[in-house]
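In what comes next, chain A is part of two complexes: it sits with chain B in the first one and with chain C in the second one.
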Partner chain A sequence: MSEPHSAQPLLEISGLKTGFDTYDGKVPAVDGVDLTVHAGKTLCVVGESGCGKSVTARSILRLVDAPGRIEGGTITWHGDDEPFDVLSLNHDDKRLQRLRGGDIGMIFQEPVASLLPLRTVGAQLVEVIRIHTGMDKQAARKRAIELLDEVGIPKPEERVDAYPFQLSGGMCQRVMIAIALCANPSLLIADEPTTALDVTTQARILDLIRRLQAEHHMAVMFITHDLGVVAELADEVAVMYLGKVVERAGVEEIFADPKHPYTRQLLESVPVLGRDRGRDLPTIPGTVPNPLHRPKGCSFHPRCSEAIAGRCDIDEPPEVVFDGGRTAQCVLYDDQTEGDRA
Partner chain B sequence: MLKYLGRRAIYIAATLLAISLVVFVIINLPPGDYVTALRARYAVQGQGLTDADVEALRVRYGLDGNLLQQYWNWLTQIVLHGDLGMSFEHQKPVSEVIGARLGATLGISIGTLLVTWALAFPIGVYSAVKQHSIGDYTVTTIGFLGLATPNFLIALIFIYFSVTWFGSVPSGLCSPEWCDASWNLGKLLDLIGHLWIPMIVIGTAGVAGLVRVIRNNLLDELQRPYVTAARARGVPEGRLLRRYPLRVALNPFVSTIGWILPLLLVGDIVVGQILGLPTLGPIMLGALKAQDMYLAGSIIMVLSVVTVIGTLISDLLLGWLDPRIRLGHQR
Partner chain C sequence: MSETASSEPMLEINDLHIRFPVRRNMLGRVTVENHAVSGVDLTLMPGETLGLVGESGCGKTTLGRTIVGAQQATSGSIVYDGRDLTQLKNREKGRYRRQIRMVFQDPFSSLNPRMTLRQIIGDPLVATGEAKGAELEDRVAEMMRKVGLSPDYMDRYPHAFSGGQRQRVNIARALIVGPKLVVADEPVSALDVSVRAQILNLLRELQAEFGLTYLFISHDLSVVENIADRVAVMYFGKIVELADTAELYEKPSHPYTEALMSAVPIPDPSRRGRTGRVLLPDDLPDPTKPPPGCAFASRCRYAEAGRCDTGEVDFVDGVRCVRSEELELQGIAKTDAQ
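Our next item is the complex of A and B:
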């Protein structure tokens, strides 16, 4: 990380395990994830579909539905004077409710489906404002219109009475952002918020998030599979593969000097305008294994060009910490391996 | 809105006209008519009817014109004079025959419906919210049994136990000593004492069916993204359930009004027959068997009108409840 200790940790995930009980067995969607979100900074979590990035995000607010279950780890919230473990709260704890939508705002992949179709966006906005601020109806409605204006919805005093199905996907995502912002959260979790939107809308939503982050001094945890978005938004990056964080680093470090072979191959598979004309785009060989039959040892080794037989297919890779605090889960940087090479 | 209602009214009139035609044709499809049926019955009892008697009866009831003419007479009488015609079998105007039983029918039906809703609603919600719990499995199993057992079978079982244990058959809505009495507390208590049997018998399948409808609707809605999103905003669980998925799951419920209304009017035909209930169901069955065409035709027409009106009511209610339907065309 470029400035690893300049910002205070706001949210610290440690050893998080979230599994899903299915008829075929237990799927460990998140398998021992460590992440830290620093106050005011943007952490991007990248990975292929099914790597557990969304489940990680949902675990933070305890939104994992049955048959999913958080099985272990801690999620420490440093936003209060006294840090506490979110996972130790009861389901009906008032603190958990205040965390949801109060300290932490969250937006989702499907903005239209994330709003109740039967009530106006204003009504849903007012409801959340009143829950978290205790304003009366009229004040809340005024605040709702202000918020809609702030997220760039034209004619907010008319749109406040619109139903979600009357607005476009981009507009609905703006409404979702307005709802997420209503209690001035210190963290915004964005779970692939632009995936369902077209490219121009995508860019506008990203601009909006960046502007609001600066104005509200929020931290942002941004879940995405789009490396372009990562380059644009991130301060820090966490790369996930099959339920594990395989590499964590500052954004410049990741793009300039990726350590983990998976990160490297992921970056190589991004087309570069001009350079890649007329040649095949490199791809990562193979497919993501079924999480029910996770490969022994490093789960990436069957697809890894640098896998060491007898090590990667047997032992779990160690987490190697580099200078400046960046990490990678790979034997290539292990002292033992370095010793072997020497 | 008025334009919409006007258009709907025209559709309704056209639908009812078509239904009336079909109903009349179907009632007259079996060979013979009321007089033929009457003659056959007399023959069984050993009394013959002479051809002259038959002819006199046919003329009296206007059965000799062609079908179209009979239909036209029937329809114009209804539309112009509100006259549903005479019941041959009961020797009374149809409106009197129906009117005499309407009170009891509606009483039993509405009572059953309220009990059904009151039971089915909380059970269905519980079953969906606690999916895969022991309670859910128990409710679902009992529900399947209730759905699979025909109502008349439950009625027969009731009669069997009533006879073996109390030595009497639960029949009708009142005990003999109260039936002709004027209304007082004693008669009311007696009525309540009788009413619970048809309620349970008719209500079982209703509860079972409705529990499944509510459970499935709610399960569908519970996994929608807006539920997770609302939870992520800190909406408290109870309020979340009531104002989000439950609210959406209620809409299909409203659309059942269209076919619940006619059921309310007739009551359960077979159960009515078995338990000797003074409802419209057994009357309709009798009218169809005796080819009492004005009575049968009138009951079916009344049912059709009620069905169509029920559908209109449920459409209007849905439009009021669901902005997607109300504002759908504005998109």
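Our next item is the complex of A and C:
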């Protein structure tokens, strides 16, 4: 993918395929995904449930459990040393362990469920700090308190000894962020970190992520289904549908001029504050298909208002690259069809 | 739909309190209580959609469950059709259960996986003995068509359906006994964004067709703005503001309403970093020890010591705030759909 920004690529995913073997057959959760995260920038991956956005993120850290399997593609890490393919590492490779939580921090959707209920948040922080920095216990505890302070937890010297159940969801997510940050990662992967939180808490967590990103010059890969959050946070956006990236563009481009019909219809159908009072909303017909029964051709064509019979339901759509580097997987912009439409 | 000023209210909630026991002493007497709903007054007019918004834990779901009779009120009254629903004898309850129905948030856990759609949707009719045999089948089929499901699916189980389709089943089950009032508790929150609009439009359609009244409970202010005629904002067990949708969103009167609206991310990158976002601190009061004065005072940027933290704050002209007259709060300007 060509770069809309001058920033260096930090993580390059190319042709990633991750599948799950089930009794009903293989589910291709991620089916040939290309993505690039640039150093210091925010990439928002947006899509509905089952589109493969979380599995993509987990594949980066090789956190896909059986029956899931990474079947192909490359994930190239352009960190400080020589670029290397994460997928070529062995499971017990020291480099992989340094990557997880060291170069790349990750936070998840359910902050309370992601923390161990039987250990204090301090103990969980100290453990991670010691693994990645080799500090002794006292120093690590001091660092833990500093980190809790940095992520905006009031009275960190008391809260360090709190158990997760004693903290609110927003607080637990702050603790998760502190854990993710403890080794100064160059990339933070955030998988729907605010979906389970109230809007007011969400606003503050997003604010925190933005501030930390600026201070630490960290790249962020932010996974969400909320287009509002995308508009608030992203530099670049990748829209996923049924295991594929259907559109990729800068954030202004995607909101001002969505190319893929799915992106366009999604933007229209979501109620927006101040815009849709009392009116019938435009809808996307049908539902997201079961990935086991992926429609032939373009997987969005049964729901698409602009599908061309005889093309969209037969051929895989081409990836069209536009000026400036944005892409869309749709025949509408293919040279061949442009002739037909004009 | 809100030109109902002259008609009788459909439902009147008066000074409703709901408390949950948290701890008891050795004599079994409750020593610590959780005040989920503390003094709610609310009126629903026939045919309207009243939106009820608030953050998790504010008591909005408890209030909804109490209206449908799934939860006991501690004190206060819920008057429907001249009867106080909180005082009903068990044998009287059935009649009201048919008129006031509920649609739940999670379409995955609210349908019995071992029942077919025919059984799920027809169950209320079977339970009341209202229909059986061919008539039952006809009515289930008709209801399925009304909510946009093909009656061919009647003998399938819920697992075969997506979230949006299951929510249609949920709606069909609620409507099959011909209710007048439907309490919809976060009916679209668990759905994929691309199917939310379908369900919202469906609810609107069914409301027009059957003349339904909705109490629409949600934490999502954009969804509530889309569907509600009036909106009640709930905080810490109390209604803090109640107004027509346009007025509430454009000219909020309570600082909490303002903060809530400013926190909603707007899908428009050109408005990023817009001024006026209110970041609320986290310190929620303890629901077992309601603070004196305004419960929101600890997080409110307009709070004044001595005025906001003492004494009960009354609900005056649709708002529960001692400073609402003097404040210039920011709302959401109406923009045109492109």
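In this text, the second predicted complex is superposed on the first by the 334 of 342 C-alpha atoms of A that agree within 3 Å, B and C clash if a C-alpha of one lies under 4 Å from a C-alpha of the other, contacts with A are read in each partner's own complex, and residues count from 1 in each chain.
Here is the rule we use: a residue touches a chain if its C-beta (ideal position, glycine included) is under 8 Å from a C-beta of that chain, and two chains touch if they have at least 3 such contacts.
Quick caveat, the model's predicted, so the values are computed rather than measured.
Of the two partner chains placed by superposition, A:298 touches none, neither chain B nor chain C. When the two structures are aligned on the shared chain, A:163 is found in touch with chain B, with no touch to chain C. Of the two partner chains placed by superposition, A:145 touches none, neither chain B nor chain C. Contacts of A:118 after superposition: chain B is touched, whereas chain C is not reached.
Of the two partner chains, chain B is the only one touched by A:131; chain C is not. Which of chain B and chain C touches more residues of chain A is settled by the count: it is C. When both complexes are aligned on chain A by C-alpha atoms, no chain A residue touches chain B in the first and chain C in the second.
Remark: chain A residues 48-49, 154, 168, 170-171, 198-204, 206-207, 225-232, 234, 251-252, 255, 265-267, 269-285, 287-288, 303 touch chain C in the complex. Taken together, the chain A residues at the contact with chain B in this complex read 58, 61, 63, 65-66, 91-92, 97-102, 105-106, 108-110, 113-118, 127-128, 131-132, 163, 165-166, 176, 179-180. Of all the residues in chain C, the ones that touch chain A in their complex are 55-56, 162-165, 192-198, 200-201, 204, 219, 221-223, 225-227, 229, 245-246, 249, 259-272, 277, 279-280, 282-284, 332-337.
On the side of chain B, the complex with chain A involves touching residues 132, 223-226, 228-237, 243-244, 247-248, 321-324, 327, 330-331.
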